[in-house]
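You will see chain A twice below: alongside chain B first, and alongside chain C after that.
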Partner chain A sequence: MPSLITHSPILIIAIPLAAAFLTLPIGMASRKARNALVIVSLAFVVFLVFALARDISINGIHVYTLGATSPDLTIPKGFMVPVRIILEVDSMSVLMGIIWSIVALAAAIFSLSHIANETGQNRFYTLLLLMVAGGFGIMFTGDLFNLFVFLEITSISGAALIAFRTRFADAQEGGFKYIVVSAIASLMVLFAIGLLYAQYNLLNIGALAQVIQYTTLDKIALALLVIAFTIKAGMVPLHLWLPDAYSVAPASITGMLLITSHACMYAAFRVCFTLYGGMLNTPVVGWIIIIFGLLSMFVGVTMALIQKDVMRFMSYHAISQLGYMWVGVGVGLAVLGNAGLVDSYGKAAMSGGIFHILNDAMYMPLLFFIGGALFHCTGTRDFTQMGGLAHKLKWTTILFIIGSLCISGIPPFNGFSSKILIYESVYQFHPILTIAGIIVSILILASFIKVFHSAFMGAELSEYKAVKEVPRSMIIAMVILAAGIVFITLFPSLIVNWTIHPASDALINQGGYINAVTGAIP
Partner chain B sequence: MTFILESGYAFWNPIILIIVFIVTMVIVYFFRRRGQENYKKDTDQAQIFLCGEEVPEAEQRHVRAGNIYWGFFETLKEYYNQILRPHTGIINDYVLWFIAVTAIIAIILLIAGLGT
Partner chain C sequence: MEHIPFNFPFLAAALLVGISLYIIIFKKNLIKLIMGVAMLASGVNLFLVALGYRAGGASPIYTNVLERPMVLPVPQALTLTSIVINVAVLALMLTIVIRIYRHTGSLDSEKSRKMKG
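Presenting the complex of A and B:
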């Protein structure tokens, strides 16, 4: 077991990667064996991520050097700087890993029935597992170039999965838009890495953070990195591609794409807090993040209100929810240079923002899955054509109510727990942020009431008389996420103390991240 | 203590709200039980009265999403006209936005973004 935990960072990436390549030959022999391989490998990854999280909560940052005689040998003999690929997992990255592992498992289970009638299922699961490996890579890597590589893996597999149902023209268009946007963002990241490497001869984030000089080129690299990850996260006004791509992917993939947005948001935070750190003019960069967040909250929800396509509706809400996280963490960044303000409310704002990532990762994929379930049952994504579905889809209706109440921040659900943390802390920074957050929450509730009334309420419509509840695997996937919601709802303090506060501490503690790499000189 | 989330200014305990919700439901149920007992289901008592007009079939009475919040959208018509303009669906337009925002952020950071 200790050996398993020691090697867990690379195993968490390697297992889905290996399973991806095994899926094709096994899938050609037996569909059941392929499904079992996908589910078992992802379930084992969930176990490994939790084991790693427990280890990090006890022993601190987990560093893993690839190709070294010992995984903690970050700087080889005869070298002054790290030259090997290093995975560096702290409380923040492992929190993202927990989210990714749970949603990936739920998405795979959901897909068992959701794409059961599609052709090319072997390729679908191969791409899904590649995307999982790429996502973990983004979260766990301590190396900028590997961040780019994993970003590419996630983007290419994501684009192929968006366009998976090639019989739909809009799916092909969505996949094309996603790959174009991803290519632009990736090139910006690569260019920024080039600027940094040309000056410092380093790619390791911790080692770079130690020597960065804040030159004009560093400022340009910062702008490129922040914008690239903002594009990939889908923040307003760089969100335009997101509903076009998310709404046409299979629902299970949309849930996973949302977490890739979270991963890019995490990468942006890692760049701001860890790579550039406290030497930034943090109020300016913090306000840039806050403005992106505020715009996303407002534009996201108001655009959601006018949608008729249930998946586009959910996509705009996903943008709106990202705004809350950016506002919370942005406030933390804006006051990072002032230790008193960090203790007073900055850390609480960051914890609220990070807690909202976790909550959003439970209810937003659930809502995407429900959108997929509605499409599965009715054959349309237009919810103005739906009605009376609560008569037939009892599980889906109950799960929709849970998801809607969570996203609207209605107590006692988990969405409220993180929003109250954000509201109370960002009010100290600027009251308008809290007021904006509350107004957006009201609009979210109003929009979900509209969809609930239109799709689920009313008399049974004749065209949906033959509709049946979605297959069991889809319900199980949705129930897994709903169970996560219930657990976080009932034990918010346990979650915050065990995962959220350590994650915000990890972001603030730039020295700890640097020392984990450079302090391990043999 | 695992139920109590302390925000630094106040606390939040979901169990209290759940208990309040359950007690409220019990009270509501109590009052409901004291309602009219001579109510006859499936008689004219249960029929909708629409000023003597013929009541449409249940299926036709369903208010669909397109008819909800009309006043809200009418009031914010100008906002929506403006906000819908960049949502062209054309990838070239999206890329222009990326370039413009990147340039603005780079200029802001070059002028004031980094300082020691």
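Presenting the complex of A and C:
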């Protein structure tokens, strides 16, 4: 058991990767065995992530050096700097890992019936597991170049999955937009890595953070990295690809794509807080991120109000939810240079933003899954053509009510707990941010009432007489996420104290991250 | 190689990146767009390789240390990885474009567009 935890960072990446390539031969022999392989490997990864999280809460940052005689030997004998690939998992990374493992498991279970009638299912699960491995890589790596590699693994498998249902023309278009945007963003990241490597001859984030000078080239690299991750996360004004790609992907994949957006946001936070950290004592970068966030909140929700396609509607809501997180964490970044302000409200704002990532990762995939379930039952994504579905889809209706109350921040649901944390703290930074957040919340509630009324309420329509409740695996997947929502709703302070505050501390504590790499000089 | 000015590879990389960004933003043909992405990748790769070049340096392939300065090996490793990744990206892009062409009968990004708003 102790050695399992020691090696867990690489196992969490390697198990989905190995399972991805086993899926094809096993799937040719038996469909059931393949499904079991996918579910069991992802469930084991969930277990490992939780074990790792417990270990980190006790022993602090977990460092894993690949190829070294001992995993904590970050700097080999005779070298002054880390030359090996290092995985570095702190409270923030492991929180993202927990989110990703749960959503990936739910998405795999949802896929069992969602793509049951498609061809090429073995390849679907191969790509899904590759995407899982890539996502964990983004979250756990302590090395800039590996960040680029895992970003590309996630993008390539994500684009192939979006375009998976080749019979739909719009799915091909969405997949193409996604891969073009991802390729450009990834090359921007690579260019920025080149700029940093040229000056410091280092690729390790912790070691770079120790020597970084904040020269003009570093500023250009920072701008490139932040813009690239903003593109990949899908923030306004660089969001145009996001609804196109999200609305046409299979619903289970849309839920996972949302978490890759969160992962790119996490990468942006890692760059701003850990890599540049102490250098960013001006509020400029923080303000830029806050403005991106405000724009996303408003543009996302106003565009959602006019949509007729249920998946597209939810994609725009996903953009507006991303805005809340950027505003929360952006306020923390804007006051980073001032220790007094960080203690009085900066850290609370960051905790709010990070808590909102956790909550959004539970209810937004749930809503995407419900969109997929509606498509499964009715064969259309246009909710103006649906009606009276509450008579037939009892589980789906209840889950939709839970999800929509969460996203609009109605007390006591979990969306409310994180939004109130953001409102309280950003009010002290600038009151307009809180006012904007509340207005957007009201618009979200209004638009969800519209969808609920249009799709679920009313008399039974004659064309949907034959509709049955969705298959069991879809319900199980949605109930997993709903259970997460209920748990957070019941124990918000417990969650905040156990996972959220350590995560925001980990982002602020740049020295701890650096020491975990460079402190172990033999 | 001594007679080539030191900045020349960087200028070439900047030119490649500039041309490719122009192509990506303004060209309507999807194949041309893919060529733009490929050129952007080449520009970035050239930049990486040029970073590690030392004038008159030897290739970093010898076990015994030479008298002459050696070229930095790490950027070359990064470039190789990046080339491999970009091959995969380009192959996937071309695959999807074939699908788009079969569905819409057009490679013009304005005509093959289905989704708006």
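What we mean here is this: the second predicted complex is superposed on the first by the 520 of 522 C-alpha atoms of A that agree within 3 Å, B and C clash if a C-alpha of one lies under 4 Å from a C-alpha of the other, contacts with A are read in each partner's own complex, and residues count from 1 in each chain.
The working rule: a contact is a pair of C-beta atoms (placed from the backbone, for glycine too) under 8 Å apart; a residue touches a chain by one contact, two chains touch by 3 or more.
Please read these numbers as outputs of a predicted model, since none were measured by experiment.
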Simultaneous placement of chain C and chain B on chain A, clash or fit: fit
Touched partner set for A:Ala169, first chain B, second chain C, both or neither: second
Touched partner set for A:Asp218, first chain B, second chain C, both or neither: first
Chain B versus chain C as contact partner of A:Lys450, first or second or both or neither: first
Touched partner set for A:Asp505, first chain B, second chain C, both or neither: neither
Which of chain B and chain C A:Val180 touches, first, second, both or neither: both
Touched partner set for A:Ser493, first chain B, second chain C, both or neither: first
Residue contacts on chain A - larger count, chain B or chain C: B
Which superposed partner A:Asp72 touches (first chain B, second chain C, both, neither): neither
Chain B versus chain C as contact partner of A:Glu469, first or second or both or neither: neither
Contacts of A:Ile306 with chain B and chain C, given as first, second, both or neither: both
Superposition-derived angle with apex at the Cα centre of chain A and sides reaching chain B and chain C, degrees in steps of 10: 120
Chain B versus chain C - smallest C-alpha distance in the overlay, whole Å: 5
Shared contact residues on chain A - chain B and chain C: 176, 180, 184, 244, 303, 306
Chain A - residues contacting chain B, complex: 176-177, 180-181, 184, 188, 214, 216, 218-220, 222-224, 226-227, 230-231, 237-238, 240-241, 244, 276, 279-281, 284-285, 288, 299, 302-303, 305-306, 308, 345, 348, 383-385, 387-388, 411-412, 416-417, 420-421, 424-425, 446, 450-451, 453-455, 457-462, 489-494, 496
Residues of chain C touching chain A in the complex: 17, 24, 30, 33, 37, 40-41, 44, 47-48, 51, 72, 74-75, 78, 81-82, 85-86, 88-89, 92-93, 96-97, 99-100, 103-104, 112-115, 117
Touch list for chain B against partner chain A, complex: 1-10, 12, 14-15, 17-18, 21, 57-59, 61-66, 68-69, 72-73, 76, 79-80, 83, 86-89, 91, 93-95, 97-98, 101-102, 105-106, 108-110, 112-116
Chain C-touching residues of chain A, taken from the complex the two chains share: 145, 148-149, 152, 155-156, 159-160, 163, 166, 169-170, 172-176, 179-180, 182-184, 186-187, 190-191, 193-194, 197-198, 201, 203, 243-244, 247-248, 303, 306-307
